[in-house]
Every structure is written in C-alpha cells, then in structure tokens.
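A short write-up of the structure that comes next.
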Amino acid sequence: MASKKVDLRRFPGFLPLTYLCLFLLYAPLVIVMIYSFNDSASITRWDSLSLRWYHDVFFGVEAPKFRAATINSITIALMAATSATIVAIMAATAMLRSGRFRGKSASFALINLPLMVPEIVTAVATLIFFSAIGFTAGYLTIVLAHIVFCIPFAYLPIAARMQGIEDVYEQAAQDLYATRFQAFRLVLLPLMTPGILSGFLLAFIISLDDFIITNFVKGAGIETLPTAIYGAVRQGIKPNIMAISTLLLVVSVVFVALSYFVGRMGEKNNDETSTKGDLI
Amino acid sequence: MAADLQPKASSSTSTYAGLGIPLILPAWAIIGFFLVLPVMMMLIYSFLTKEFRGGVIWEFSLAAYDQFFFDRGLFGDELPKIEWTYITIFWRSIWQAAAATLLCLVIGFPTAWFIATRTARNRSIWLFLVTIPYWVNLLIRTISMKFLIRDNGPMNELLMASGLISEPIHIINTNLAVQLGLFYSYLPFMVLPIYAAVERYNFALSEAAADLYASRTITLTQIILPTIKPGIIAGCILVFVPSLGAFLAPDLLGGAKNFMIGSLIEEQFKGAAGNWPFGAAASMILLSLVLLVLTLYARQQTREQG
Amino acid sequence: MADQNNIAVDIRNVTKMYGAFSALEKVNLDIRDNEFFTLLGPSGCGKTTLLRTIAGFEDITQGEIVLYGQNIANLLPNERPVNTVFQQYALFPHMNVTQNVMFGLLRLGQDKTSAKFRVAEVLELVQLTKFADRMPNQLSGGQQQRVALARALAPSPKVLLLDEPLSALDLKLRQAVRLELQQIQHQTGITFVFVTHDQEEALTMSDRIAVIKGGQVQQVGSAQEVYEAPKNKFVADFIGETNLLDVRVTDLHDGKGSCILPGGVQITCPAADGAHPGPGHLSVRPERIAITSPNEGLVQGKVKRHIYLGTDMHVEVTLMDSETVTVRMQNSSQIQIPEAGQTIGLEFEADAARLLVD
C-alpha cells in the first residue's frame, strides 16, 4: 500500500459502495428476469427452464386483458407525448427566442409545476376536477392528465437543446430572405431534432410509467398496463407477472438506449450545439 | 471581438419577438386548466361536507380538518383532544422520506463521486448504467424488490443455502423495506445533481489543500463538501419531496403497519374510507408541506447566490 | 443633390439605446455606392451594433437608415436587400455547401435550376467548386469563411455586410483573404460594409474608414487621411502608433498652428479642426522622427532603452520633462543606434507633426 500513488480523487470505501449501489439497482430486476423463465407455477421453487409463462402472457387466460391494457398504454403514451412535445416546442420558443413578454418568469414556474406537485396530489386534484365538471372518467381523462405531467419532461431536453443553438442561425436565415416561420421550419427545427426526439421519448416513457394518476382518473372499465399489473399483484405475485415485467423491462431499456444514441448522434453531427439536457 | 457582443446579448431583437404570448399560451392553458384549477378545486372540496360512498355535498364544513387534528370521541360529543392517528402517519412519512433520503445520500454520493472521476468516455457509460433501472416501470421495480426480499424469496434462500443465516431475515413489511423501495424509486435524483457538482469541481483545489498540509479528511470536509454542497442539497430535495407522497413503495412493501400519506389519501378515494373532503384536506396538508420545503430551498438558494 | 444617387447607405441621426446606455449616439454616415467601407473601432465601440442595425437584427431608437433612397429602418431582416457574412459564419450545420449557398435564392423565389446555376457561379468566384457537396463541419476555417461569403453574395445583395469575418482565421490566412476580399469587391461591384477592430486590416482594404468610439463616429476618411491627418487624439492613438507631446499652442491660422515644444523651440505645423491656443498635443509618428546630435534636434532627451522588433528597432527616449518618445528606425547595419543613457537630439519635419485636440 505504501507504494500506491497518492490520488486525491480516490476515497477508500467509495468503490465498494458504488458496487453495492449497482447491486441494489440490478439484483431485483435480474432475479425477476431469471424467475420469469421458471417452469414452476410456484414463484418460490425453482423448477426448470421454460418459456411457459411467456406463452401464458400471450395466449393464457389473462392474455386479452393484458393485451387491451398494453394497447391503451401505448396509444395514451403516444397521444400524451406528441401533444406534450408540441406544447413544449412552442413553450421553449417563447421562453428562449421571443424576448420579453408579460408573465415570462411565471411561465417558467408554471411549466415546472407538474414536477413540484406530488403525484398523489395531482391525482386527487384531477379526479375532483373531472368529477366536479361532470366529465366521465375514461380514456380521455387519462390522456388529458398525462399531457399535463408530460409537458415538463418534454420541455427539459427541448429547451436545453434550443439553448445550445445560437440564434445567429435564424438570423442568417432571415438575412437570406427567410420569413420567421421559414427560419423556424428550415433551420431551427432541423437543428432541434435530437432534443425533440429525446423530449418525446422521455415523455413517452413517463406516460407509460405512470400508475397513481392513471389509477385515480381512469374509468371503471379501462385499464393501462400498470393498473392492470397492480390489480393482478394485489393477490400476490404470479409467474406471468414476472414474464410481463421482463418484457416491459426490455422494451424500456431499448427505448432509453435509443434515446441515448439519438442524443449522441446529434452531438456528433453538430459540434456547435450542446445536448446536455438529453436523456436525463 | 467578442466583447462587442456584450450589451447586445441581453436586448438584441429576438427572432420571434412579439410571439411570446401566443407561443406560451398552450402550456398556460393546459397546465392552468388541468392542474392549477384542479388544485384550487381540491382546496374548495376540503371545506365541503362528505357524501357517503364518495363525492361531496356542497355545504361549507371544517369537518375534514377537524377530523385530521382533533379527536371528539366516537359520537363527536366529547371535549376535543389531539387526534394522533393522522399526525402520526404524516410524521412517519416525513421520517421515512428522510431515512430514504439518507440512504440515497450514503450510497448515491460515493457512486456519483466515483462516476464523476472516471474518464469522460467511461463516465457516460457509468451514468447510463445507473440511470437505466430508473426507466424501467416504477411498479415493476417495486414488485421486483418485493419479490427479492420476501421472507422465502431468493435472497433469503441464497443466504440460508450458503449457511450464513439459519432463519430468514425479515425485511418485507418493515420500515427498511419501504426505505429500500423509495431508494429504488428515486436514487438517480440523488446521483445526477451530485455528479454534476463533482464533475464541475476543480481538483486543483484538492491539490492546493494537500499542498497546504491538509489530510484527506480535511480536504473532503473543508474543501470538497462546501464546494459541491448545492448539488447535495438539490439531490436531497429531489429525493425527499417525491418520497413524502409516494404510494407504491409503502403500499407494496410496507404493509398495514407502515402506512404513509400516499396510502392514507388513496384510501379516501379508491378504498373503503370514501371520504373526499378528508382526502382533499390531507392532500392540501401534503402539498403545503412540499411547498414549504421547496420555498425554504429556493430562499436558501437565492441567499447563497446573493 | 446629384450626389444623392451615389449613396448606398445613408445613416441619419441613428441612436440606439439599451436602457440608459446608448450604444450608438446620433450617428451620421454616407456609405457610397461600390465602396469598400470599414467601420473601425475598439471592442464595445458600437461598430457591430451599427452593422446589425443595417441588417435589421437590432431596432434603432431614433433616426433613419436609407438604402438607395428607401428608408429601411422599419423592415424585417428578410425584407432588406442586404446580406451578412457573420463573424462565426453561421453556416447551417445541417445543410451542405450547395444548400447553404442556395438558401437565399430559394427564399427569393428563384426556381431550382437557375438557383443551381447561380450557386455554381458564386462557388467558382470563391474557388470552392470542388467542395459543393461537403457539410460545413468537413471544411477548414478558411473554406467555411468563403462559403459564408458565397452564401451572402449569391442573392446579389445591394450591400454586403461583413462582421469581422477574418477574426477567426490565423494570421497568414487572414492576409491572403484580405486581398481576395478586395478583389471580389472590385469584381462584383457590390458595396461592402466591413467591421473590424484591426487597424491594419482597415488600412489595407478600405476605400474609406469610419473610426468609431463610444457609439460616436470620430472621423471618416480614406486610409491615408485617417492615418496622416487624424482629427483627434483618439484617432491618432488608435490607428498606428504615435507620440503625443505636450506643447503650448500660441497661434492658429489657415489650418496651421504655432506651438512651443518641450525645451522651448517653436515650430509651425498642420493643426486639426478645433485646435485652440493654450496647452495642446502634438502628434508625431515614430517613423517620422530622426535621431541627431543634441544641439541639432528640436528636442533633447536621453535614450532609455531599445526594443528589438525584427525589421525595425524602437528607441525609447526620455525628454527633459520626463515624457517618453518612441523613435522607429529600420534595422540595418549602416545605422548606428545610440547607447542607453546617451543624450541625443530628435528632429522631424514640421509637416509630419500635427496639433490635436482631446
């Protein structure tokens, strides 16, 4: 030990704690993945390797229920993420490219408000609001509620990207006889693409992820994947849930990896702009 | 040269000058109509009379807040005493959220430090590794944690099979289980701000301290920690606030004895209790608590900058 | 009034305020047709702001900007028939060279075929034909600069605005591009308005120079005029190097003034407008001063030190009243350079000196 070079960046014990952290993060997921291939109907006893529960997910008794929930989840996430992304692009243009206007500083707080209000409170407030105005809970109420909390998640990477693009490009476009709308469509928007994609994917995942707000505002007959899974595990974890979890886990990881590489690609293609807000 | 740009940067004619209000309007409309208005409605509901089996009667009443803070006996005719049930639940939530924050800090700080001191290339890979689980559905993560730490779950079986323990370690339905669940839910919120702060930290400062005879511990406590304090505080806030109102982790991992605010509120709307004004009042109290924490944070932030 | 037709840009009483700070103060300038006109000044003097008000990126608080007889002050940038070469070029990173150069033509409504023809023409002018399909980040700094020039020239603007376009290039390249720019200006006959803080750049390229300081025009004139007949102390000091001797002005008539030098010798030399009797400054360029024996010189002093500059040698001389004067001598074996500490005389022709106001 005495010969070890003094490294001021290194503190004893930090490395083991980092490994502990990774262990805590991955052990539960890995165990569930492994047990999803268990042939046994009991979740405790390991029997043998099989794809039985994956077959059950797609063709079993509960398959239609989970299929419907998956379709709901995906269509809701698509609609919510698309709307939130459009609203976020407009908001970012207002905040970063439109100079001063009345209520600008309040706008920043407002956009981030969904992040500050606890999810359960948003859920309660939205439920009360829809019930008070006599809106029947159902598909539409879920979409509306999801748009609200997706906005800040779409806004963050989009605004970060826009901040990294100097306004000299739009000025150059205007100088070359482009109208403001052309400058936006032909120059700013293409340069924003990685940020917009990141924002969209982030909003999409956040929408897919939501349980508590959906659970409050959904109507009686409608389920999303999280609410369906929650309903199923109330009576205890069953092997088919582990198979669904594994599938969902793989999809999430693929999505995140995609978003990550899209962000990186943007960075490489365009050294003038920064992508610090991408992904996280 | 560049200095020529200086006064201009703040007041140059912006490309979309004059379009600010129409462009921000959709965000205002959606968040205003579907979040701000609902929260105000919730405030009103907390002062209404409850309707059995959910809903409200439009009649002013303080019953919800009264029920939260005071005990007037079974028939409501005794002298009011302090009602500890709900205050205890709030207190437990605060305590649990604080414990989870501490757990995140103890494990997240070294992790963030470790990542920030890698080479630029490895850093993004490590960061990616730490954030991936966050993108897996929260419900699934919580179920996975439950599956792992059950009394007869894989962890206990492995430990017993290896002979390290003879009895299963009982974690599920304890405070520790909830804290582990919250840790699992919000860890990246601790790691990322601290990582950002450490990455910006200038290690020449550590060298200067060492040069001036500071030990490693002194360097850490007197130079590094004060410099990256804003990142640590931001991380703690980002973990503490959502933990306070969390629902899934206490619900799935905590069991009946470890009830937290989230479950209390949920029960008023989805569960058997069915008391909307009381649920609205509890939500208002939770929201006030969160806004208080955020305001204190914002004030401390401006004081440090000013 | 016939002269009016030759004015490309007429800047009338333009004032630009940022809150209480005025970036431009009642600026009046006539930029002539087919002229290489330079706005020269130190950082923060308002030269870039002035250029951007012509392009339309900055609103003006007061005044008029008249382009060939039309007041353009209230038009949007895309409505003004001027184009800009930006300081960092601002090439659209997601478009290749051809697409960049074609951008303005398409916005003006040209069809693609004729636009392509024009692009080829302009790329040939800047010798970039081979790079037509490259993306901007695949080009060197000098090539990017030429694409920016081609892009701004393609729509044949009435006036081309150049915002320190050479500042990002290294010294050797900068000198080559200077000549090229001048040549392109002659070839195209387009009025160039060029912003720089580099006085050498301004002197070598411009037909006329406007020297700007603190948002105000100090002097407008040809390179020779601003160098040899500076209007005030700032212009004399900013353009080239000069010695400013404290003198007492005794008499002024017909653009000439008499003054008493430190040491008592009286001379008569050209005087700037506004010079007045009393304490004043006499500007003499270092290369116009010669060293002689103590009793032959107009002033006497002691050699303080030498500074070796390669082709030249600077000799710093301390005068009797402790002012320091710099003398520039060409380095050659024939010339004898006095030792430090030696007492010497300094002489210069009266016409090489100039009486200035602050």
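The letters A, B and C name the chains in turn, as written, and every chain counts its residues from 1.
Just so we're on the same page, contacts are C-beta pairs under 8 Å (C-beta built on N, C-alpha and C of every residue); 3 or more make two chains touch, one makes a residue touch a chain.
Given the structure is predicted, the values throughout are model-derived calculations rather than measurements.
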item: Chain located farthest away, centre of chain B as origin (C-alpha); value: C
item: Chain ID, smallest distance between chain and overall C-alpha centroids; value: A
item: CA centroid of chain A to CA centroid of chain B, Å; value: 17
item: Centre distance in Å when chain B and chain C are each reduced to the mean of their C-alpha atoms; value: 60
item: Centroid spacing, where centroids are CA-atom means, of chain A and chain C in whole angstrom; value: 55
item: Chain B, residues touching no fewer than two other chains; value: 12-13
item: Chain A: positions in contact with at least two other chains; value: 171, 174, 180
item: Of all residues in chain C, the ones touching two or more other chains; value: 57
item: Chain B residues touching chain A - in the complex, by the definition given at the top; value: 12-21, 23-24, 26-28, 30-32, 34-39, 41-42, 45, 55, 106-108, 110-111, 113-115, 117, 127-133, 135-141, 143-148, 152-155, 157, 180, 183-184, 187-188, 192, 203, 206-207, 210, 216, 219-220, 241-242, 244-248, 252, 261-262, 265-266, 269-270, 276, 279-280, 283, 286-287, 290-291, 294
item: Residues on chain A engaged by chain B in the complex (per definition of touch); value: 6, 8-11, 13-15, 17-18, 20-22, 24-29, 31-32, 35, 43-44, 86-88, 90-91, 93-95, 97-104, 107, 110-111, 113-114, 116-122, 124-129, 131-132, 144-145, 147-148, 151, 167, 170-171, 174, 180, 183-184, 205, 208-209, 211-212, 215-216, 225-226, 229-230, 233, 237, 241-242, 245, 248-249, 252-253, 255-256, 260, 279-280
item: Footprint of chain A on chain C - complex, ascending; value: 55-57, 76-78, 82-84, 86, 88, 90-94, 103-104, 107-108, 137, 151-152, 155
item: Residues on chain A engaged by chain C in the complex (per definition of touch); value: 166, 168-169, 171-180, 182, 186-187, 190-191, 269-273
item: In the complex with chain B, residue positions of chain C that touch it; value: 18-19, 21, 23, 43-45, 47-49, 52, 57-59, 164, 167, 197
